[in-house]
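Data block below; observations after.
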Amino acid sequence: MDIELGKAKKTRRAYGFDEISLAPSIITINPDDADVSVKMGGIKFNIPIIASAMDGVVSPQTAVLMSKLGGLGVLNLQGVWAKYDEADKILDKIASVPKEEYVPLMQKLYLEPTKKELVVKRIKEIKAAGGIAAVSSIPQEALELGPIARDAGVDIFVVQSTVLSTKHKSTTSAPLDLKKFCTEMKIPVLVGNCVSYEVALTLMGTGVAGVLVGIGPGAACTSRGVLGVGVPMATAISDCAAARDAYFKENNIYVPIIADGGMAVGGDVCKAIACGADAVMIGSPIAKSTEAPGRGFHWGMATPSPTLPRGSRIKVGTIGSLKEILLGPAKFDDGSMNLVGALKTSMGTLGAANLKEMQQVEVVIAPSILTEGKVYQKAQQLGMYK
Amino acid sequence: MDIELGKAKKTRRAYGFDEISLAPSIITINPDDADVSVKMGGIKFNIPIIASAMDGVVSPQTAVLMSKLGGLGVLNLQGVWAKYDEADKILDKIASVPKEEYVPLMQKLYLEPTKKELVVKRIKEIKAAGGIAAVSSIPQEALELGPIARDAGVDIFVVQSTVLSTKHKSTTSAPLDLKKFCTEMKIPVLVGNCVSYEVALTLMGTGVAGVLVGIGPGAACTSRGVLGVGVPMATAISDCAAARDAYFKENNIYVPIIADGGMAVGGDVCKAIACGADAVMIGSPIAKSTEAPGRGFHWGMATPSPTLPRGSRIKVGTIGSLKEILLGPAKFDDGSMNLVGALKTSMGTLGAANLKEMQQVEVVIAPSILTEGKVYQKAQQLGMYK
Amino acid sequence: MDIELGKAKKTRRAYGFDEISLAPSIITINPDDADVSVKMGGIKFNIPIIASAMDGVVSPQTAVLMSKLGGLGVLNLQGVWAKYDEADKILDKIASVPKEEYVPLMQKLYLEPTKKELVVKRIKEIKAAGGIAAVSSIPQEALELGPIARDAGVDIFVVQSTVLSTKHKSTTSAPLDLKKFCTEMKIPVLVGNCVSYEVALTLMGTGVAGVLVGIGPGAACTSRGVLGVGVPMATAISDCAAARDAYFKENNIYVPIIADGGMAVGGDVCKAIACGADAVMIGSPIAKSTEAPGRGFHWGMATPSPTLPRGSRIKVGTIGSLKEILLGPAKFDDGSMNLVGALKTSMGTLGAANLKEMQQVEVVIAPSILTEGKVYQKAQQLGMYK
Amino acid sequence: MDIELGKAKKTRRAYGFDEISLAPSIITINPDDADVSVKMGGIKFNIPIIASAMDGVVSPQTAVLMSKLGGLGVLNLQGVWAKYDEADKILDKIASVPKEEYVPLMQKLYLEPTKKELVVKRIKEIKAAGGIAAVSSIPQEALELGPIARDAGVDIFVVQSTVLSTKHKSTTSAPLDLKKFCTEMKIPVLVGNCVSYEVALTLMGTGVAGVLVGIGPGAACTSRGVLGVGVPMATAISDCAAARDAYFKENNIYVPIIADGGMAVGGDVCKAIACGADAVMIGSPIAKSTEAPGRGFHWGMATPSPTLPRGSRIKVGTIGSLKEILLGPAKFDDGSMNLVGALKTSMGTLGAANLKEMQQVEVVIAPSILTEGKVYQKAQQLGMYK
């Protein structure tokens, strides 16, 4: 809080992924020797990547596939798979509607309530196919859906809201008591999202197994435009990482933090870990896989709000299999494929043998701003000059 | 004043809405519990939104509608409604003229002097329809038009100039004595515009009921290009908020400050309050309503200058009713609709129960600069790659 | 020098016009009362505007017109008017050649040497028509052309090089001794260009009547791309203004500094004065006048270099008469016309009664960066959304 | 490390070429008197320019031509000339394949191993034609190819990896012992790339004849997007220059540093030297020559990675002869031609008589950011307004 916004308020500078870069040290390692595994909720994951609880990203099938590839996929209990028996038909409709009819359609489709029997069914589908079952719910419905999911055999439960606080005040409903909820669920509970040291610390104190970090940065998110709210990811992750370290020092309990949103290419995943994250939750990169339920589209879960829709439907296209996107080989040179290969190569380059070491690498502020020089260079490449 | 511009001058950094973002704290509240009412000039407004005194924004009809929706609309006494009996025909002409004929037409149309009988007529129209009547005048004509408006029953009088100072020097005319004017008007007088602590403080000392803050930031404003003058809104608001707080501490009189201009979407309104404003005055968002007199166009009131036209005519289009734009429900996800819903949701997210608490939320410097990454992301979404 | 570029070098931040804005104070004045006159070389000019010594900007005719409008036009003695008797035919050719043939043509045309008789003829043409005659030369030819121009009756002589230093080292020719040159010329000598306190100070010590400030900022200048050289104008002006003030304090001689280049609109002229300039030298704004010799084109004087051409030919178009561009009335709202009106209005707004007061107004750092919000706003205006 | 990225990490600001500019001092010199020669590995080069070891840039023929023009060209031993006898046919194929088939083709073509007999043949071709023979290899193959090249008569050997460290850890292969390698090679060994003081210093301690500086900045490089890795050039060069100076002070051995990548125009070359480089290694500017093997294309050497391709194929076009590009005369005014002329003119302007003095010139932070003003100016030039 060292910058004067104006005479009435102090502020601080916060940084996003596009403003930072990672700097090599005196050590390099063989990328094949880089260990990218992470432990969350007592489960060891070979790759630190979680597919977002978004309807264009995770279906029961992709959840299974994510598990088999070493990561995790979270199914949204306020999404179409828990609302509709024939979810595929709903997804077809979402993908085929023209732009101008999109928001009203979404507002209508998502008014349908979550069905308890579908919650059970989806979890059993994932488990039956050998996947790790993870589901998410908004806090308002967590108390009801949590026990149902647990009893259906879910492995991980995620309580997720645009902004989660430990002190929610409401005159119409009682807030979710996270401490009690975690105790009663018995299985690991991940919560989010938050962006600050204080909130991360208080969330960790409720007994959660992980904290999701990120408000406003996602490709399909328009929170910042509509609400003015958001904290750039690099700073948000670093702040919450400090909370994790402080909590561990005091309590000897390591609560991993998961960077959620705003990562479009492999380099962003590398930066998220370098800023202090233990794992990442990504949406749009996975929505581009042939197995993603979005049919080449990606949309935010705040979109269907009946009064204040936020989050756009974005055409991301389909570029390859989920395996290619996560583990390669990459067919393109733009960072969209082989995210784990990129992470390992980056770690090799930076001399980080595991994710804890990757969290310690040097970061420099180096904005990839669109300068005249870059525009000129690009224009030259496109043959606009000469 | 801590930055050296060069060896001859010290300067300071000033921030705009696009450079800041709002950061959540440890508390959230239910958006429905957020109180967005504000008291100005002894009148309580349910929503802190004032429609700008611009001809494309406020007609007598929209002024009435603004009142009924909980806000306020200000009619410009140097505008077409006070100059022409058949103002609608003039507005038709402005909307239909091609771009190259626009400035000369405006210069000609606005040479027509304000008619006292029309001032009276418009105020009575607004009052008769149950609206709160507010009108604005430039300082040079305020002394003459003020009493006429007051006697016609106006509720609020606004003295507005691009830049208002308390020490205006002129060799050809006597400056407006604001203190005397406020005393004689007896009704609440809002004044503006200013951008600094010192000017805000001296304006408050004249007995005004509110101060408009903002020079150069509006969508239809070209002051910065033409005159080089302007202060980014976030800093301007914070500086003037400090003046308000200092004035209140000394005199126990709370003079609200109204952020005027530069707010295009809901997030900008949220940021204005978070920077310290008590209310906002907006033009272009309201010009997009079906009820706006601009017929899908918006233009600045400095445009008609016969020698130095400033302010462009901008095609903003028509996106929905004034009610939808202010109170929702929103049909679009871009922040253009349900501004009050956005403000309440933002306040809920940030844990602010009322506007005074919203003024205290944490702001971070987080420029939404066009980086290479963002351009790449956008280009991908538009299908320019692959 | 407070910023570390890297471990081997310290640096400082320098600012350009696009990064600053002017902030109002507690005083405003009537624009009509703003005095914009300036005294240079013993001559009082009613407006502080000099037309650049560039072939697309100043012909003998426009030099006369500049004088009559209260300013000054400088004819380039290394330009077509001093090289060719029928200069108009040459200018026709430059304006009509296609882009790809432009540089070779310029390289060839400017190989023609300056003719002494044409130097005399042009000066006499200007004087005969009642204008103030000012001509410029590069340092290498100044010693020869200076006396010829003086004897022909020139009023002001300008020695101008991309970068002028007082210590020029060369193994092939003797450097120009400015002190001796000024003494022998007897008429006022303006010199440039420089960008630093030290150089400005040493130049003032040679007895010059004014110093041109600006390296690399002009619209037609590509010095920065080709040579990597340039200092943003706001800082350069402020540094040199400090030199002027220091020189005045020590010697009681006031040597005006003239901001040269990088001013495209009225707001830029206002900023140049506010940063400390006494006058401005502008090219592209004047090249847009119907009277300009460039026929709607503008080009830099470094373009014709046979081995290293710099400076592009830019199509600026023709927007109105020189009188309209300088004194108005403006037909457009973009700052391209009525530059003096803009300066006076800006001074009124900022409470500056004369140029010395304008040099003292408050400047804030407020980059008009292309942010996402602005691009969105612009796209909305262009109807690209919705 | 004076900036807080977030509560868990400190960082520093790093600068790129587009963010800096060079400022003149009180001295200028005649450009013809500027000495741009540099000594590396005991060889004196008349111009400080090395052509990158990239297949689109250096063939045996261009290597010879670079030598004759006073510089150096490095042939890549992991490139087509050392893999294929009829390399020209391979280059034809690379230039003719459509964009979508490019990455798979490159992945296949570069799987072909390097042939020892071709290494010998290429070196002898260069020597026979009177060129200085320089070849490069990745560290993994340097131990095998180094002696072969040395015995074939190579003059300079380059060990080059995206990121070179002195402490490479691998479980599958032994790292290259640079100290031993340099001793056994007997001929000068250049190594890279690095970006930090510490790594440059440790590399110098191994007895190398020069250090390449630059990670991630090149036109054909996508390391930053894919891996998140990279340090802007201005800071990287300055840091490594400090290492060179410290090493010289301690050991009295001067190990030149060579800025590698990110230089598109003459101004960038000037800036690289001004930041502290002794020479530059450039790719894309040379790929534009008629003699370049890339046939108007340019690509990075990380492109062919079978699992994680990085670096794009860029169409750079063909603008003139290699001689014109290096020594002029320039036909264009955009900084793409007569790089040495630009460097000499810049040095003249800045008063630097040789490269050591050029390393001492003043640098200012002056981002050539795309501002609204510049976009407006450019749009005006393109006739988009009025």
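The letters A, B, C and D name the chains in turn, as written, and every chain counts its residues from 1.
Note that in this section a residue touches a chain if its C-beta (ideal position, glycine included) is under 8 Å from a C-beta of that chain, and two chains touch if they have at least 3 such contacts.
All values reported here derive from a predicted model rather than from experimental measurement.
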Could you label the subunit A-subunit B interface same or different, taking same to mean over half of its residue numbers are used by both chains?
-> different
Between subunit B and subunit C, two copies of one chain sequence, what rotation angle (nearest 5 degrees) aligns their Cα atoms?
-> 90
If you average the Cα atoms of subunit A and of subunit B to get two centres, how far apart are those centres in Å?
-> 38
Centre to centre, by mean C-alpha position, how many angstrom separate subunit B and subunit D?
-> 54
What positions in subunit D touch 2 or more of the other chains?
-> 12-15, 17, 225, 235, 265, 268, 332, 334, 368-370, 373-374, 376
Interface with subunit B, subunit A side, in the complex: residues 3-9, 11-19, 103-104, 162-173, 194-196, 198-199, 202, 215-216, 219, 222, 224-232, 235, 264-265, 268, 303, 306-312, 314-317, 319, 332, 334, 367-370, 374
Residue numbers on subunit C that touch subunit B, as the complex places them | 12-15, 17, 20-30, 32-33, 197, 234-239, 241-243, 245, 265-271, 274-276, 328-335, 338, 341-342, 345-346, 349-351, 353, 362-366, 368-377, 380-381, 383, 385-386
